[in-house]
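See the structures that follow.
The following pair of complexes shares a single chain, chain A, combined with chain B in the former and chain C in the latter.
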Partner chain A sequence: MLLQYRAAAVAGFGTQLFWGLIMVMIYEAFYRSTTVRQPMELGQVVTYVWLGQSFLAMLPWNVDSEIRGMVRQGAVAYELLRPVDLFNLWYSRAVATRTAPTLLRSAPMFITAMLFFGMQPPDSIASGFAWAAAMIGALMLGCAISTILNISLLWTISSEGVSRIVPALVLIFSGGIIPLPLFPDWAQQTLRVLPFAGLADFPYRLYVGNIPPDRVLFVLAHQVAWTIAFVALGRAILSRGVRIMVVQGG
Partner chain B sequence: MTMIDTLRLYLRFIGISVRAQMQYKASFIMAAVGNLLASAIEFLGIWALFERFGSIRGWSLPEVALFYGIANTAFAASEAVARGFDTFSSMVRLGDFDRLLLRPRSTVFQVAAQELQLMRIGRFVQGFVVLVWAMSAVDITWTFPKALLVVGAILGGACVFAGFFILQATLAFWTIETLEIVNTITYGGVQTAQYPLAIYRNWFRKFFTFVVPLALVNYFPALAILGRADVSGTPAFLPWTSPLLGVAFLAITMQIWNFGVRHYTSTGS
Partner chain C sequence: MAQIEVENLVKTFRVAERDPGMWGAIKGLAERRYRTIRALDGISFSLEQGELVGYIGPNGAGKSTTVKVLAGILVPDSGRVEILGRVPWRERIEHVRRIGVVFGQRTQLWWDLPVIESFDLLKDIYKVAEERYEAARDELIELLGLRSFLDTPVRQLSLGQRMRCDLAASLLHSPELLFLDEPTIGLDAVSKLAVRDFIKRMNRERGVTVILTTHDMDDIEALCERIMVIGNGVILSDGTLGELRSRISSERRLTVHLADDGVDVSDPDAEVVARQGNQVKLRFDPERVPAAVLISRIASKYPVRDLFVENPPIEEIIAELYKTIE
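Here is the complex of A and B:
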């Protein structure tokens, strides 16, 4: 389905490449202006930026447009009739819609950024494996948040509020604007505990070696704990949502 | 058709658009707040980097905030006004453009008058607050001409961004679909203009000066306001012509638009 819109994919790729390049130049300029030792090295930050561009589509920043359509037009009633658990169904949907575009975009971005724009391979083989494990954790966590966003449609129908405000929170607290270690020291403790760090920042820092690979178990524990919490929350609000749901149309 | 008549008609169109958007007040408020947040987190990132690094190649946070404020208010204004051009490709695809050709007003006017997108007020307010803070925090004496140049830089910038929305729409006469690649330049441009152009690599500076004239209406005026010299040594009078350069660029894009209109073939049946 995604390959149907090749021109749009190419344009999206170009935009991301351009944006990444601007960010890299900004960091180069900042690092050239200081002699103080920073919590991350420039090379690590550059690689972090490109990882962010490669896996942008994996962040839980929007609602599923098909589910929105179903809720609006009442077709969501059919979803309730299916002999499968609705939460599991929507969670699986989220996994599919997050994985496919990410796979499509990340490979060309990786290759281009590594060949031309200073992206580096994983810090060590162990870092590479730790990163891969944490990316799976990030996907599970991201899909749990995505599913909650989709369930929120049962109340808001238009998703206007959720789809406008959640992306900003996800972006800033996951490291989508600047790497989390570059925020002031007093904010670090909070940023580490929040669920969003597990979506991007932790895996990327494992990749560049800013978090040593032997800490991967802590990262996975953080991701799994938050995933369980969000799944529990999601199931609770879904069962409430189904009870109060009024099917539109008739 | 007089100027006043056109203006009155424009206000009438815009009035309808505003009333339509106000039908969904909660939705409008959410959209505006989201728009504000989306640009506020960008500034939060810039602030955090300055907390860490102190300065960027000799530029302080208030100075960079001046660039940021000018760029974002200009961009938000152009996004709101040129919304019709941003969504223009669907008009071509559905064959709706035919109707515009039958009416006794210019096509640029009719597309522009379609919508004034109010939710962009979010980014505008955020940019404006940063701008006002920057103006009070930078270490310069304000004179009337300098204040005027701030307004001029915003207007000039808005014209250049609007010109890009028109160019993007013009391409739809040939391609039918929106070429998102133009977004790279508009959104990339506003991203770029948030920092002084001097911090970027040489080829990139040249691109945003000569190919995309964003620097002319944003970077050079801000340099003049701050009383700084350009790294590549441009004449001192140049910044003061910036609003005019913006208007000139917009006029050129309108000519290209008219050329596109002549090439338009309806998709309708």
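Here is the complex of A and C:
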């Protein structure tokens, strides 16, 4: 389905390219005017920004519009008629809806940014592998959070509130606006522990070499731990949601 | 043992209420008022394998609620349900593997996918073995005449086509039990007949137990031997169509075609209900006057060209029954 809307894909690509360029220009201006040595080099930040634009669709920032439709119209009952665990079903949906658009957008963005806008290849081969592993971890973690957002529809039905708060939280704390190392020192400890760092910041820093590749196991442990926590939480609230679910109509 | 056993099923819903108008809206912020609706108020019945039961009742009577509880989607407040030896909502996954459900007003197919891909997906979801799936699929495609639109996305199908696809989808995993919630709603005459014919066939040939809810009395007459009527959450009647008729009213109708109009037909034991040209409709109670006696009396008194006796239409019987619950 996602492959059927060419115009949307092109427009999305254009928007992200534009956004990425603005960020790159801001950081260039910032690095030129600062005299203090920053925790990340400019080249690393530029690559970090483009990675963020390439994998934006993978962040858990919205609810699944199909599930929202089902909850609104009561067709969510059909989900319970399937002989499968509902959490697994929705988690798989999340994996699909997070991967398809990401695959579609990341390749052209990578190529364009590398050719014209100063994006660098991985710092080393080891960094490349570490990044790839951490991206899988990021996908698992992101999908666990996505699934919880979708489950919240069983209560909120409209998702208005969720779709305003969550994107802000996720974007800021995963490094989508400012790379996390550039945050003040007092915030570093907290940012590192929060789940959001595992969604984007850790993998991107592995890519640019800001986190050495031999630290990848720590990153994966962080991601897996949070994924397990979110899956457990999601399962608990889903089973409550199912119990109170009242299917409209009839 | 019966295939479906339901005992004393109760399900209530809480509906938020507020007074109308601005003041009502403001008051609603401070204080929530709830009204409890007893959708099911002690339902009991049991079904044997291979039965085809019509489950009817006015809007809001609790039909769909019952179906949802039986399908394992809704948890009742109290009562006991056992289907194929399982409690639906406790062992939902095992339970739904053995049943098929069609909600006439919704589709379980994927909106943007061609029909055949929806079928393939269902095969994976239900983990149907490849060979069994192919056999079941091909048979259903044949029986329901789906071949010409298998590659069409579901959103582009007509309602009749979609309903036939939904029926097929609900049977791909060869369930022993089929719940149909208004499967003929909004269909044209041809599609209705096709759907009815198909349901009957599945029931007769495969021994699938069917519970059918509908507002279409022709569905009931064409398909169901047993009819359960529900109203205000209780079962009002459970039996054959004949039993239902005789319980509500034993009344018969006699239609008389007269040789010339202008004749006024009357009889002490019958009441004229309609008169149109040279055709007169009378109502009588066969307990009071046997049809044969009435006919010979009228035939000897008036210039009769043709006459016939019939039961009152089932709609009227049901309407009569619904009236008793209001």
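Convention: the second predicted complex is superposed on the first by the 250 of 250 C-alpha atoms of A that agree within 3 Å, B and C clash if a C-alpha of one lies under 4 Å from a C-alpha of the other, contacts with A are read in each partner's own complex, and residues count from 1 in each chain.
The criterion applied here is as follows: contacts are C-beta pairs under 8 Å (C-beta built on N, C-alpha and C of every residue); 3 or more make two chains touch, one makes a residue touch a chain.
Note that the structure is predicted; figures quoted are calculated from it, not measured.
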Putting chain B and chain C on the same copy of chain A, do they fit or clash? fit
In the superposed arrangement, which partner chain does A:I178 touch: chain B (first), chain C (second), both, or neither? first
Touched partner set for A:A75, first chain B, second chain C, both or neither: second
Which partner does A:G118 reach: the first (chain B), the second (chain C), both, or neither? neither
On the superposed three-chain arrangement, identify whether chain B or chain C touches more chain A residues. B
Hey, in the superposed model, what angle do you get at chain A between chain B and chain C, Cα centres, nearest 10 degrees? 90
Could you look at A:I26 and tell me whether it touches chain B, chain C, both or neither (first, second, both, neither)? first
If you stack the two complexes on chain A, which partner ends up touching A:R164: first (chain B), second (chain C), both, or neither? first
With the two structures laid over each other on chain A, which partner does A:P101 touch: chain B (first), chain C (second), both, or neither? neither
Give, as a whole number of angstrom, the minimum Cα separation of chain B and chain C in the superposed three-chain arrangement. 9
Over in the complex, which chain C residues touch chain A? Could you list them? 13, 63-65, 67-68, 71-75, 92-94, 96-97, 101, 103, 105-108, 112, 125-127, 181
List the residues on chain A that touch chain C in their complex, please. 1, 4, 73-75, 77-78, 80-85, 243, 245-247, 249-250
Looking at the complex, which residues from chain B come into contact with chain A? 26-27, 30-31, 33-35, 37-38, 40-42, 44-45, 48-49, 51-58, 177, 179-181, 183-184, 187-188, 191-192, 195, 199-201, 204
Counting only contacts in the complex, chain A reaches chain B at residues 7-8, 10-12, 14-15, 18-19, 21-22, 25-26, 29-34, 38, 158, 160-161, 163-165, 167-168, 171-172, 177-178, 182-184
